[in-house]
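Chain naming follows the written order as A, B and C, and within any one chain the residues start at number 1.
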Amino acid sequence: MPFLELEKLTKSFGGHNAVDGLTLGVEKGEFVALLGPSGCGKTTTLQMIAGFVEPTSGAIRLGGKDLLAMKPAKRGLGIVFQSYALFPHMTVAENVGFGLEMQGVTAAERRTRVAETLELVGLGTFASRFPRQMSGGQQQRVALARALVIRPQVLLLDEPLSNLDAKLREGMQIELRQIQRTVGTTTILVTHDQAEAMALSDRIVVMNQGKAEQIGPPHEAYERPATAFVANFLGKTNLVDGASVRPERISFAAAGLAGTVRTRIFQGNHWLYQVDTASGLVTVIRQNTGEAMPGEGDAVHLLWEGRA
Amino acid sequence: MSRNGPLALAYHTLFVAFMLAPILVVCWVAFTPEGFLSFPTDRWSLRWFEAIARYPEFISAFWRSLWLGAISSAIAVAISVPAALAIGRYRFRGREALTALFMSPLMIPHLVLGIAFLRFFTQIGLGGTFAGLVLSHIVVVLPFALRLTLASAVGLDRSIEHAAVSLGASESVVLRRITLPLVLPGLVSGWALAFINSFDELTMTVFIAAPGTETLPVRMFLYIQDNIDPLVTSVSACVIAVTVVALVILDRAFGLERMLVGRSASHGR
Amino acid sequence: MKAAPYLLCLPALVLFAGVVIVPLGMTVLLSFHDWGQYKGIEPVFILKNWQEVLGDSYFHEMFARTFRIAFFVTLLAAVFGAPEAYILNRMRSPWRGLFLLVILGPLLISVVARTLGWALLFGGNSGLVNKALMGMGLISAPLPFMFTETGIVVALAHVLMPYMVLAVWASLQRLDPQVENAAVALGAGPFTVLRRIVLPQVMPGILSGAVIVFALAASAFATPAIIGGRRLKVASTLAYDEFLNTLNWPLGAAVAVLLLAALIAIIWGTNRLVERRYAQVFA
């Protein structure tokens, strides 16, 4: 039996199903990402697990116990909010210690555990700062520490990296993954960023209009998308003669589908091509290996595995 | 952004002079050593400030205004907080109508309110009483208190309270430890703005204050109606001084623009 | 859960129902009661007061004066306040805050004290305003300001000016400064930018400031009472006299209710106009 179970979870707002019969099992220690465009129901799902939104029907069980029967304050979940939701009038140490205080942990033990957790997220020396004196990335770590210090059964991450700039986000992804591995907490991540979902999670749930379109390991979902929506959402794809082909799987060859290069864009580590063919416009991505590549207007032949 | 040209700055100087002239003139005349209205040039004296002490009706009116402002503003804030939480955070039937009702004392002329209160209080036996003054002042300062408490209630990120709940805080703990501390600046500035408006209110109060319950503006107005002499300028100078000090403190603490425009300045992360 | 917002609003609602709606209703009723020198107020339903207020030329003249004063005060505030708000908005950091405080601050200073200042400035032939105007060679003989409409208009424009600056300032804050730069980049001169780009965008601010200033000017009491004296009556000072000197409360109530009704009609009409005309700007 999975550790966290969502069973036929449904939430309707005025006749419209924001979440529509979602069933999902999450194993202990697993990192699962709910991935989809805005309005797909991923955030509503998270809020139902957290207890801020009541499901219309369905069940949520944690370790075999009915989670819906418990008040939000008693669920023992760690949540990192998109806005971080740090308490602006408390220091970093007070923010992190708040959950322990609510559990009635003694002041002495609180101090040790707060210090440990701040150390874990690399903020050992920031205990007496106030949130507004810190950068976005640092605030993000405080939010993570505050959620982790109570040793939650499940960690819920709501678009945790969306307020960071691209460079910082990549660094935080690696760090987040390491921290999750270290503490081993079952984690659910909500995101609209397919790269982030694939980088961090053991399994992804691609959601569309309240339903799960595909549940599986990132690599599998990318290679064998169950639906056209999944194929498109997880990355660029070509639909050639009814078959879905990833642009990086197509190579230039001496023979194959004939076409003419319409545009060529240099993107550092790769080239992005748009090629006019008899089967329509085909996108091709080629690694930049330093070799000479076809230019705009050149006649080319496209080849990929499985092409008849 | 382009800068102001010399013409614009000249205009600005004249405008500021226009805004300050009557206020400065009052303070200037207050220092006259003469027994009549005059602009002191070579000599000045504090005799008219000392003279205030010999007019107990000004002193008692001052204290009455102070208490009236403090009490009615405190009650107005206490009533505003729950209303602001309801209006700021729930979508319910009649929400707009209730907001308009609570803000209506800003748009209903104080003259009309004064007449209405005079009639009402006389009928129910509160005519000319301090309790009547307090009730009427709560009503006219409530929009100011509500506007600022509403701004801070709306500006409050709901997920901060959700975060506290997820960490195990009960509803009362969230209210005491999170919500109230975060809306406190709004409450204090709401109280202060309400106080200043109560302290200065004349048009409504002049109808409902009786000889024993005159506020300072009423006392000053009735005095000016009889005659204008240096005494009333020194009283006015004191009122201006107190207001300016309060203004500077409020501006430093909360930002005057934010208080008057009624929007919370967003502090970027 | 559904009842929570109503419970939270309950204290304020009870207060307003008991201490605003009921008294206002009583005032409207009062305006239909009869009054006599010796019998006092008689709780009957007659139209006498309304016929007097609506029919008597004395009241016509008084209401015309009230709205004339309010109109010119609004005009002065818009013509002088709007440019000042614009200049203020273009100032740099320490000056901007300082002058905003200087210009908006008087809003919170006692109206009686500010009007007293104008009484001193106008005061008789030796008034400072006349001395200054004659010194500049603008006039040859002292102008009468005390006990005149001109005096009331100038003093009221000063008292209410901050509201106009505030309204225009608020609408300027919503303006994207890049839009002005875009117009300049397209070859517009400073005057064209002001007329074609800035003015249309702050017009809603000017109009909402005008509504506030007009409403407050038409119902102002302290300034017309002190500057206008006992002879030059406006609606509010007349109502005050009826209530506290003549003691004809029903007549005073009719004057006040008529003023309130006229103001509501004007405010409502202007708001409708603003909404129709400037819906695109607000959206």
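Operating definition for what follows: a contact is a pair of C-beta atoms (placed from the backbone, for glycine too) under 8 Å apart; a residue touches a chain by one contact, two chains touch by 3 or more.
Labels paired with UniProt names: A = ABC transporter ATP-binding protein; B, C = ABC transporter permease.
Bear in mind that the values here come from a model prediction, so they are computed numbers and not experimental data.
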- Message: Does excluding chain B break the complex into separate pieces, and if so which chains end up together?
- Response: A | C
- Item | Per Cα centroids, the chain farthest from chain A | C
- Message: I want to compare two interfaces, B-C and A-B. Which one has more contacting C-beta pairs?
- Response: B-C
- Quick one: report the Å distance separating chain A from chain C, using the average Cα coordinate of each chain. 57
- Item | Approximate Å spacing (C-alpha centroids) for the pair chain B, chain C | 18
- How big is the gap, in whole Å, between where the Cα atoms of chain A centre and where those of chain B centre? 51
- Note on the structure: chain A partner, complex, touching residues on chain B are 157, 159-160, 162-170, 173, 178, 181-182, 267, 269
- Please name which positions on chain B make contact with chain C in the complex. 1-4, 8-9, 11-12, 15-16, 18-26, 29, 37, 39, 78-80, 82-83, 85-87, 90, 92, 95, 98, 101-102, 104-105, 107-113, 115-120, 123, 135-136, 138-139, 142, 146, 196-197, 199-200, 202-203, 206-207, 217, 220-221, 224-225, 228, 232-233, 236, 239-240, 243-244, 246-248, 251, 256-257, 260-261
- chain B partner, complex, touching residues on chain C are 2, 4-13, 15-16, 19-20, 22-24, 26-27, 30, 80, 83-84, 87-88, 90-92, 97, 99-121, 123, 128, 155, 158, 161, 166, 169-170, 173, 177, 180, 190, 215-216, 218-222, 225-226, 235-236, 239-240, 243-244, 249, 252-253, 256-257, 259-260, 263, 267
- Note on the structure: Interface with chain B, chain A side, in the complex: residues 50-52, 72-79, 81-83, 85-89, 98-99, 102-103, 132, 136, 139, 146-147, 150, 163
